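In what follows, subunit A forms one complex with subunit B and a second complex with subunit C.
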Partner chain A sequence: MIKKVESNKKYEEYLKKTQPKPNYFKNCLWAFIVGGLICTFAQIVHDLFEKYLNMEHVEATSATVMTMIFIGATLTGLGVYDKIGKRAGAGSIIPITGFANAIVAPAMEFKREGIIFGVGAKMFILAGPILVHGILASVIVGFIHYFLKR
Partner chain B sequence: MTYVYAFIVGGLICVIGQLIMDYTKLTPAHVLVIFVTSGVILTAVGLYEPLVKIGGAGATIPIPGFGYALAKGAIKAVDENGIIGAFTGGVEATAGGIAVAIVFGYIMAILFNPKVK
Partner chain C sequence: MRTKKMGNQTIKFKNPPIILSTASIVGAKEGEGPLAKYFDKIIEDDLYGEESWEKAESKLVEDAVRLAVTRGELQLADIEYMLGGDLLNQLIATSFAASKLQIPFFGLYGACSTMTESLSLASIIIDGEFANKVIATTSSHFATAERQFRFPLEHGNQRAPTAQWTVTGAGAVLLSSTGEGPVITHITTGKVIDFGVVDANNMGAAMAPAAADTIATHLKDTGFKPNDYDLIITGDLGKYGKEIAIDLLRKEGHKVKNVFSDCGNEIFDHEKQDTHAGGSGCGCSAVVFCGYLIDQLKNKKLNKILLVSTGALFSPTSSQQGGSIPSIAHAVTIENVSIK
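Let's turn to the complex of A and B:
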């Protein structure tokens, strides 16, 4: 038993030594540039909506989010988004296009399991936890706001 | 100038996510859940709104912006409809995004096959 624990420790040390350390600076730079570019593009889309479709600011904001989700879903379908993601890391995961990617990628992957348990269920394997915790938190915030207001 | 701010704010939010993923061994799913929840909380205490004012899409497009929309919707609905609003507001405000994600997610999954890696 003691031997086992020791060998486990040794193994962990071995893993620490041999695992490549992430290149923190390079990863951050890629995340910054790709994340920044996605947001700048979204800002341009937003301004175009306001200018040419005469949308209100709030309306244009949600239209922009929808457009970005559409673009993210399309690029994932075409296989382009995952190529960007290899370099960009969080730069492609954190923007809302990454949310679209998290929905489309597993849906495509598990298509062969059918449209009910494949596409329908696996679609939310990553997006589900985000929606669950986001909505849960927003309901709690709504409750707190209600009781503080009284 | 709004584009520069969008770039910087959006880029920095992504850098924070990258640092969390590199330094802790958290998966992207963990980071996304943490970020969306942080977005809700930061909005509730009034810290995210200024960021949206400065960064525009740089603050609304990253996933904390989704939390911002959820929290803002819940708070607004509570002001308008009382306690029922706490349940309806968040989802109502983000319904468009969720529906678009489901519809096009479904279409893309039917149309395309995953690329061989």
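Let's turn to the complex of A and C:
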């Protein structure tokens, strides 16, 4: 009965007018601040590694990445990272701590389905697409770089 | 010979089934909401002493059924049929509970419309004189729904303003051919309506046309006016979906605004509890009905209500394949009338 007066197209337009939109400005601001804080913190860790452990730049980078992954994973396990992510959005998803979160969260979630089909199979359910497309992109960029250099 | 049908989609019962008792069990978050005092039991831990969320949800169903039967002063063996369902694949929450309860069982899938779907069919069984005691039940659990439909719990993602929060809870209604209590006088069975909404973060918008369609059909079939009801309450349209349904009905010439509400809008305090557009899930209309609404009916604060549980009939597969969200709503009229 309702169908006669409302077409799908008209309904879509109606929804566009009436439904609330996310507050993009607020979300961007949160993402900028939290993402910035995570990166600043990592930079401090990096500098400390160089200064006090006498690491080379590249060596300190690897150590920093490992530290940040450890922190991201720990905060996920403690149930804190999802609360940060709720506000920060991309600000806490894009840094490597977010990558750790994307792997640890499903691993925790699916441990009840067992080590093989639970943790093993579902661990990369969120990070898998990032790896696949990230590696693909790096290969393409590698080719472009190779041919441009010649 | 068809004698109980009114209009195209409505049945008027000759022997209206009586709601002998109800039971509602909810999770901790629902227990902090505005309707907390009406629920029979609030569990402190969402695992409910079990090893997994799914087992916890199943235990919610089992305990709700047991509680409703006890309150009706009956034994499990007195119940002739159990009708119910949940949101999980292959209805594991309800089926596993039915395995323990040992009541002849029909498993139903109507997504979040399952409360009124099971009530409708249970009423038909009783009015048709196939049984005297039938139980209708349904459940949902925030954690089981999240992992099946969305993301792992600990993943740090952001929710849309129109997203809803799946209610953890189970409700059970014990219907009887004799006894005291509010009665079910009419049911209107909905059609699947699809207005092409693809956004799984705005299920209120997907389901509102189905709710409006069923309510408009109900009013047409029965000849009732919106004001004949003390309350017309939808299942889980949420804050925004509710407004859409009111708007769609207004365009059809039905002024429902003054008597209209939504269970998903009532169960949480959206600002304080951070539930965005409101509650959802099979358990939403189930516990609001079995806890709050039945209390209002018994205390005569409400005397005639139309419960319209709403369901979004999609799956993660259909959604990932770009499919829209077909929706359904079933309406049940519950009244205080004395039946001898």
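Following the convention adopted for this analysis, the second predicted complex is superposed on the first by the 130 of 150 C-alpha atoms of A that agree within 3 Å, B and C clash if a C-alpha of one lies under 4 Å from a C-alpha of the other, contacts with A are read in each partner's own complex, and residues count from 1 in each chain.
Here is the rule we use: a contact is a pair of C-beta atoms (placed from the backbone, for glycine too) under 8 Å apart; a residue touches a chain by one contact, two chains touch by 3 or more.
A quick note: this is a predicted structure, and the numbers were derived from the prediction, not measured.
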Checklist entry - Between subunit B and subunit C, positioned on subunit A by superposition, is the outcome a clash or a fit? => result fit
Item to check | subunit A: partner with more touched residues, subunit B or subunit C | outcome: B
Next on the checklist: Just to be sure I read the superposition right, which of the two partners does A:Leu126 touch: subunit B = first, subunit C = second, or both, or neither?
Outcome noted: both
Checklist entry - Can A:Thr76 be said to touch subunit B (first), subunit C (second), both, or neither? => result both
Next on the checklist: Output check: A:Leu15 vs subunit B and subunit C. Expected answer is one of first, second, both, neither. What do you get?
Outcome noted: second
Next on the checklist: One more residue to check, A:Ala105. First (subunit B), second (subunit C), both or neither?
Outcome noted: both
Checklist entry - So, does A:Gly89 touch the first partner subunit B, the second partner subunit C, both, or neither? => result both
Next on the checklist: I want to verify one number: the closest Cα approach of subunit B to subunit C after the superposition, in Å.
Outcome noted: 5
Checklist entry - Between subunit B and subunit C, which residues of subunit A are contacted by each of them? => result 22, 27, 76-77, 79, 82, 89, 93, 98, 102, 104-105, 108-109, 126
Next on the checklist: Going by the contact rule set out above, which residues of subunit C touch subunit A in the complex?
Outcome noted: 51-52, 147, 151-162, 193, 195-197, 202, 205, 209, 212-213, 216-217, 220, 240, 243-244, 247-248, 251-252
Item to check | Residue numbers on subunit A that touch subunit C, as the complex places them | outcome: 1-3, 5-6, 8, 11-12, 14-15, 18-22, 27, 76-77, 79, 81-89, 92-93, 98, 101-102, 104-106, 108-110, 112, 125-126
Next on the checklist: Under the stated contact criterion, what part of subunit B meets subunit A in this complex?
Outcome noted: 2-3, 6-15, 17-23, 28-29, 31-33, 35-37, 39-41, 43-44, 55-58, 60-63, 65-67, 69-71, 73-75, 77-79, 82-83, 85-87, 89-91, 93-94, 96-98, 100-102, 104-115
Checklist outcome for this item: Residue set of subunit A touching subunit B in the complex reads 22, 24, 27-28, 30-40, 42-47, 61-66, 68-70, 73-74, 76-79, 82, 89-91, 93-100, 102-105, 107-109, 111, 119, 123, 126-127, 129-131, 133-135, 137-139, 141-146, 149
